[in-house]
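What follows is a structure written as structure tokens; I'll ask about it next.
Naming follows writing order (A, B, C, D and E), and every chain is counted from residue 1.
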Amino acid sequence: MNADPVFLAVAAAMVAGALGTALCKNVLHAALSLVLCFFATAILYLLLHAEFNALAQTMVYVGGILVFMVFAILMTSRLGEKDLESGAGRRAAALLVSGAFLFAVVQAVSGAEELLSLRKAANEGFASFGDVGRLLLSPAEGGQLVAFELATALLLAALVGVVAVARRPAPKSDPEEEERR
Amino acid sequence: MSSPLLLSAIWVVPLLAAFATLFLKRDDHLAVKLVHAVCHGGNLLLAISLLVSFLAETEGALPASGTVTQLHFAMDRIWIPALNIHYNVGVDGLSMLMILLTAMIIFAGVFASWGIRDRAREFFILLDLLVAGVYGTFMSFDLFALFLFYEVAVLPMYLLIGVWGTGRKEYSAMKLTLMLVAGSALLMGGILALYFGSHLQTFDLNVLSQYPFPRSFQRLFFPILFFGFGVLSAIFPFHTWSPDGHASAPTAVSMLHAGVLMKLGGYGILRVAMYVLPEGATEWFPWLILPIAVNVAYGPFVALRQRDLKYITAYSSVSHLGLVLLGLAVCTFTGIKGSAMQMISHGLLTGLFFALIGMIYGRTHTRNVDEMGGLMKRMPFLGVSFVLAGFAGLGLPGLSGFVAESTIFLGAFENPSAVVRGCTVVAILSIVTTAVYILRAANRMLHGPLPERFGTLTDAVWNERLAVIVLLIGLFGMGLFPGWIADALDGSVAPLFNNLVRAVVP
Amino acid sequence: MTLPSILPDVALLALAALLLLAGLAGNEKSERLAFPAAIGGTALLFLLSLLVQPSPEKFLGCWSVTPAGLHFRQLFLFATLLVEAFARSYFRRGGDGKGPLERGSEFLATLHLVLLGAFAVVSVDNLLALFVGLELATIPLYCLVAWRAGDRRGGEAAVKYVVMGAGASCFDLFSFSYLYGLAGSLDFGAVATRVASIQDGSGSSGLLRVAVAALFAGVGFKLTIFPFQMWAPDVYEGAPTPVTLLLSVVSKSAAVAFLLVLMHGPLAPALAKTQELVLLLSALTMTVGNLGAIHQRHLRRFMAYSSVAQAGFILAALVGPADRATGAALFYLFVYAATNTLAFAVFAVAGEERGETFECLRGLSRRSPALAGILAVCMFSLAGIPPVAGFVGKFFLFSSAASAGHYLFVVFAALNGTLSLYYYLHVLREAYIVPEEEGKENGALRVDPLQKVLLGCLLLAVVLLGLLPQLSDFLSR
Amino acid sequence: MTGFSLSAVLVLAALLFAVGLYGLLSRRNLIGMLLCVELMLNAANVNLVAFARFESGDPASGALLSVFSIAIAGAEMAVALAILVAMHRRRRTLDADELNELQG
Amino acid sequence: MENAAALPFALRHVWIVLALPLLSFVLNGLWTCRKKESWSGPISTVLAGANWIFGTLCVWQWWKASAGLPGRSMVPWSFDWLTFGQLGTFRPLTAGIGALLDPISAMMVFVVATIAFFVHVYSIGYMREDPARGRFFPLLSLFAFAMLGLVLATNVFQMYVFWELVGVSSYQLIGFWYHKPSAVAASKKAFIVTRFADAFFLLGIVVLAWVVRSFDFSVLNSAAAAEALLRPVSFGFFEAPALPVAAALVFAGGWGKSAMFPLHIWLPDAMEGPTPVSSIIHSATMVVAGVFLSARMFPLFSAVPSVMGLIAFVGAFTAAFAAVVAIAQQDIKRILAFSTLSQIGYMLFALGAAAVCGGGVLVAGYSASMFHVFTHAFFKCLLFLVAGSVIHVAGNNMLSCMGGLRTKMPLTYLSALAATLAISGIPPFSGFWSKDEIVASAFQAGHPVLGTVGLLVGALTAFYMFRFFFLIFHGEARSDRSHAHEDRWMTFPIVCLAIPSLCAGILAKPLFESAFRPRLLPWVQAVEGTHAAFVPVAATLLALLGAVAAWFLYCGPKADVARALDAEHRPAWYRLVYRKFCIDEIWLFVVRRILFERVAAPIKWFDRKIVDGAMNLVGKSVVLAGWCVNALQNGSLATALAFAAGGFILVWLLAGNLFP
């Protein structure tokens, strides 16, 4: 495949970010390297002419999810706490499994080349805002309005659940007393 | 007075009795027992009246030449449309007699367990469930209904033996239940194979028996069905649950279990395995006769060395059941008829044995034959009944054992193959070892000097006498006048035999 | 006047919203009203679903009420009704040795949203809505499992459940991405045609193979299939008991629905292949579930392994042809829902003070014979012994498997049933045979009226479904 | 300009998924594991977009699915972190190996 | 069956012969043995008497009615009891119950009825003090019912049915005093030994039924049956022509019941029972059943020379063996037991020897054997009754406590003398005629060796019978005789039986020679043969020699009675004979050591440990597997995730062969 320099650079950035997330002992470093990876992905989406995705990726993933991930990290880990180191055996097993997965998928993908050529490549602006919007909200045959409604219900449920779970318990039953039960 | 509803009433009455017991208070044991005495007494009378009208109907009828069993008091209602399952109930000679046998044994069982105090309600409810299951199995001609009732009969065993048993009751209860349910697991596969293998989408036995299953199909599924049912009738390698189970079970349960439930196995083989897969039967039986012969000859030897009365009776049941299976395995008309008679005779016989052992244990609180002696002086009624039961066991003419055994031996000898002949000769000579261990037990217990600690034992009270007399009437009835039983069984064995013959030489 | 078939779904959404408002009100009165409203509402919905007729027309583009879908709706509503009736005493009096749970109305609202997700799974016809429906049926469950995260074990269970769930949803999404890649569109029909063309050899099936494997990984988590069921015992033990029941009944039914929809929807052409895979997984699952349950002493862990084994048995039905498999699975899930709730109700009553372990059942037959009787009926139904419903249910499962010709597999499954009988009888051993320690002879059992009603109705359901299973034929219509 | 082919992107996504899986299995810090889950979800999204771009009959729905998955991932992470925080308040630790009170 | 109307009354209702004892058994068994103990004796005796009268009437009317019939055999009454095999490729096989009257069965009916009556009368006296007499009389009438049933059997199946009933009633009667362990052991031994033989008998019946498809004697003894039996039949372990095997098996039944060597061990022990029991069962009726069976199957047996030879040899050997052992016995009932063995040996030897060396059958042998059955029944029963009275007086069975009873019990003394003379074969008493016939027929049939054995045994018989007689009645009293007296009830039957012992021989001789002609198979010709003159003379001389020797040793002036009674300080051979050649010990060793320890114990161990062990092993392995699954569940999130991911790989691999 003709090595396109821009694609290779983006791919390298993504892989570096991913490896950083998986391997850094300090969770904060891991979070930051994940941010790098997500930015690289957004650029890849641009390369693939999926502007809407790139936008969603940067705003929701990086802006939203990663921000409160970092908050969670800061809230739960006390400074100077030593980082957790996992045993060699577990790492070896993880490597074996993930390697097997990679082999399986690569073997599948390589075989799939001729299958994919059956259809034409999409034109540039396929995932433009207009198309995605029409697809999203049209109640007609092809539309995905149902999915949109379900998503709203899902976010609502998550919201209610999070509040119910993470609210500080009422003062009357403090944890120590619960300890004794 | 022979409408099909009465036939279904037979297995509904015990359930009504169980339902009624739910509303009784925990501590008035007498009420519970009275309810059950009345219900099972009524059931016995119902069974007798059905038998009388059955005999009237089949008076002088020449045995059918067809291959389909004629059903009397038949009733056929759709039950589960999804799988075309019918509540197809009917009775032929064998089923009618087995229902009568069950009625007699449960009637005697209720009176034999008059002494149950602890949680009497639960005991009798489970007993009713057990009996309802047995009744249902004997009268249903739909494979699914038969299998459902068959497993219902196995269900209460664990609790009955576990709660009210003696000795290593938990171990024996679990072992018995698991081996029987494992057997019925084989049946589940077999029954569904018949249903789907025949593409007829029906569970009706008479229809399935006419379907020409391919030979390879029969070769694979006959042993599955045979050992599925065989486990319950203590076929050689799977008989180990019988001694432990019966030794630990309370009186009424071991009476019912050895007396009737073990016959379900033989009945199942006869009604399902041989009737629906005749070629499989004729192909496999020459090999299956070996474990059966081991069953017959092996039981008495082990019983010889036993000290516990219940173990002796349990091993005698293993041997007698072996005779039942021998009768089936030889595939001759007389043999099959003999095994049917042996089912009935052994039912009465073992029922009486376990009832007496329960009563004697109630008095001497030991079942070890060596510790007892000279009991005949203190309890002549029980002693004489035990001796009579013993003689019925070893096949004394005038009692039911002889009639059945001689029919089986005559039938078995008709099978010309050398292996079967060898097994028949061994079976005939094993009546000697049977006599040895029965007399050894009877003499050790009843005769000889009376130990002083048994000096004050009392003889049987009224309820025990009633139980024993009912069964003795059965023993003598079949022993002295076997004619009418033989004719009734002709009607039910003939179609099965014609089916077998049709299979061997199509 | 024929009710519009969409009515139950809309009504469910309304009920969820109503409960949310009650939760927001936050005062004592609305808190007390929440449960009666929820139970009444769900009961009404269940009746409604019984009256509604399925119709082929599609609402809002992809939402349709198929006959099987309608039956699944009835199943979900029936199961949720049971869970709510069961959960009420935990919110009122507490149970399992811990205090009462708080925020009842929010609990119920979240529960109903999970139900909506399950409805979605059986009603949609494209991958996107299916994925969102599945996530809607799962993510609120994380919150429900974590309802008492403040407790030592509750927190641990919730964490395990969340992390495993997240991993599973990754595999799900990955599988959907490949399915989309194959078919070029999210619509089930397109995917089906593409799979059909692969099946008759016009393209390499590597992608399809990975997609199916990832799919089974995803659904395996939710349906506790063998390699993916390690989380079940810990979460069943840690989560509050009503949520454990919810997991074992509603979540499992949703997972079965999801698998059925996929196997007979987009992957229909490869049905023979997927059935073989299901066969192997079913055998593994039931064996591991049975073996695990033998040594259990904690009741909820015991029920966890039992539900893993039951999942194995339900999978056995999926091996059969489409209509028979769906009918059998539906009937068995109805019976399983009733029996499991009955079992949990008995454990709740028996284990209120002593904690839900085997010891709390000791001597139950003397203390309250009725409860012991119900426990016996329950255990025999789970083990599949006649005359109670479990037997007929199991028979349907095995008949579906046998109709595909796997007779020896049926024998293997039945032997596994015998193995399951072994540990179910151990429960009865505690109740009937093991003598009560002295001093604790007459621990009176407090059974409040709703629990009495619940126990009574369920006992009737389990016994009647066994004796007159004509009720099952309405499923296979 | 299609300077790169579909299979290259697919392989890249698979690599990302594999690294995420490795991280999920090997890390002990729970939030680290969640990060890796994010990574895996992102890999799946790349897959979707790649398929939409290169050979899809209906490209918009592919992109839409990836957008939805981003939203759902957000919800999921919110719930997950809420649970972690609640658990941390009680158990004072985020180490996965310490959470083994429920076993047997 | 002849048209019932023409038959006279008694023959039309011949079933009454069976009904009366059965009625007595049922009546006494259920009613009197509990309520009115004392009534059971008289009731059963009255019924036995009625049965005796009706029996004789039947025999008389049979004798007149059967004049013209071939072989004088007729079946006045029978009904189908049980049918085997209604269908299938074989003709239906039915077993009936009925009454076949022909010379031997009529004779046996008369003998059994007579002896039963006299023993009943005797028992009233003998059992007067015994508290359990209420149980004794029903059992006695049950035995009479069973024996009459056996004798009147029309087919071999009916004979087997009553054969077993006879075995059971003898078991009950031998073990009557069940508080005595020795009686219990004796009854068990009797039943098991006879049961052992009956198993072979049943096998024989089954083989006959399979080949001939009928049980009736008329069919079995027919030529067609004999040809059918010649075809080879497989017995599983070997293949052989059915005729010799079936005949041998059927005879084996008789072998055990008539206590021939080596199955004789149960008869001496059977003396544990009350003496009236021994007098009827172990002297005249049951033990003769074997001879009766052989006589009934004589036409079939006569077609098989090997079986006839076997019968002859067994009979002769047992006669000799028993006679030798009887000499050294101290217990008077044991002496009589062995004498019975010896006499039955004679009867069988007569039947066996009827087969002439060069083929053909000597009819005289058959009639001689039946004649001896007839005469022996009376004097042997008389001897046992005498022994009973003597034991009543002396207190126990041993000769050492007897002696000098001549003066105290004159009538018993005279009857005993008559019986002893009869059994020793001194002319003109009955024993001489029948025993002489047997020995003569042996010589006529060309078996000189067997004949001489017969003669010698005759001498021995005379010797030990007169030893028995002198040691009891003569010499000085060896125990106190203060209350010795002759009980009226006991003495009356003794005197009555003395008459037939004396004159039965002369009167019945012509009758037996004319009427008792067996119907032989067509290809077996009947040989008449001449009467060897020297035999009666030799027999009488030998008998007198035996008697004089006994007088010289035990009753004469120089008799050393003390030494005669002391069995311990005797030469080794004497002690061996006294201990009955230790046959009992050998059987005990075989049964206990081999059958119990070496066979039953290993099977029990195999059953409990191997078969049971295997089942438990399966259980334990499942539980172990359960433990492993739990161990795997160590609660750590990492393992759960690892399993999940591993699971994906597993499913991917499984899907490998599904999606190529």
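Basically, a contact is a pair of C-beta atoms (placed from the backbone, for glycine too) under 8 Å apart; a residue touches a chain by one contact, two chains touch by 3 or more.
Fair warning: this is a prediction, and the values are worked out from it, not measured in the lab.
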Topological distance between chain B and chain D, in contact steps
2
Tally the contacting C-beta pairs at the C-E interface and at the B-E interface, and name the larger one.
B-E
Taking each chain's centre as the average of its Cα atoms, which is closest to the average over all protein Cα atoms shown?
B
Among the chains here, which has the CA centroid at the largest distance from chain A's centroid?
E
Taking each chain's centre as the mean of its C-alpha atoms, which one ends up farthest from the centre of chain D?
E
Between chain A and chain C, what is the gap in Å from one C-alpha centre to the other?
30
Centroid from C-alpha atoms only, then distance chain D to chain E, rounded to Å. What do you get?
97
For chain B and chain C, what's the span in angstrom between their mean Cα positions?
42
For chain A, residue numbers touching 2 or more other chains are 86, 90, 93-94, 97-98, 101, 104-105, 109-110, 112, 116, 119, 142, 144, 147, 151, 154, 158, 161-162, 165-166, 175
Sequence positions of chain E contacting 2 or more other chains
630, 633, 635, 637-638, 641-642, 645-646, 648, 652
Indicate the residues of chain B shared as contacts by at least two other chains.
178
Full enumeration of touching chain pairs:
A-C, A-D, A-E, B-C, B-E, C-D, C-E, D-E
Would you pull the chain D residues touching chain E in the complex into a rising list?
21, 24-25, 28, 96-97, 99-104
Report the residues of chain D in contact with chain C in the complex, numbered from low to high.
10, 17, 20, 24, 30, 33-34, 37, 40-41, 43-45, 47-48, 50-52, 55-58, 61-62, 64-65, 68-69, 72, 75-76, 79-80, 82-84, 86-87, 89-91, 96, 99, 101-104
Given the complex, residues on chain B that touch chain C span 26, 79-83, 119, 121-122, 129, 133, 144, 148-149, 151-152, 154-155, 158-159, 162-163, 169-170, 174, 177-178, 181-182, 184-186, 188-190, 192-193, 195-197, 221, 224
Chain E residues within the chain C interface of the complex
622-623, 625-630, 632-633, 635, 637, 639-641, 643-648, 650-652, 654-656, 658-660
Residue numbers of chain A touching chain E in their complex, please.
86, 90, 93-94, 97-98, 100-101, 104
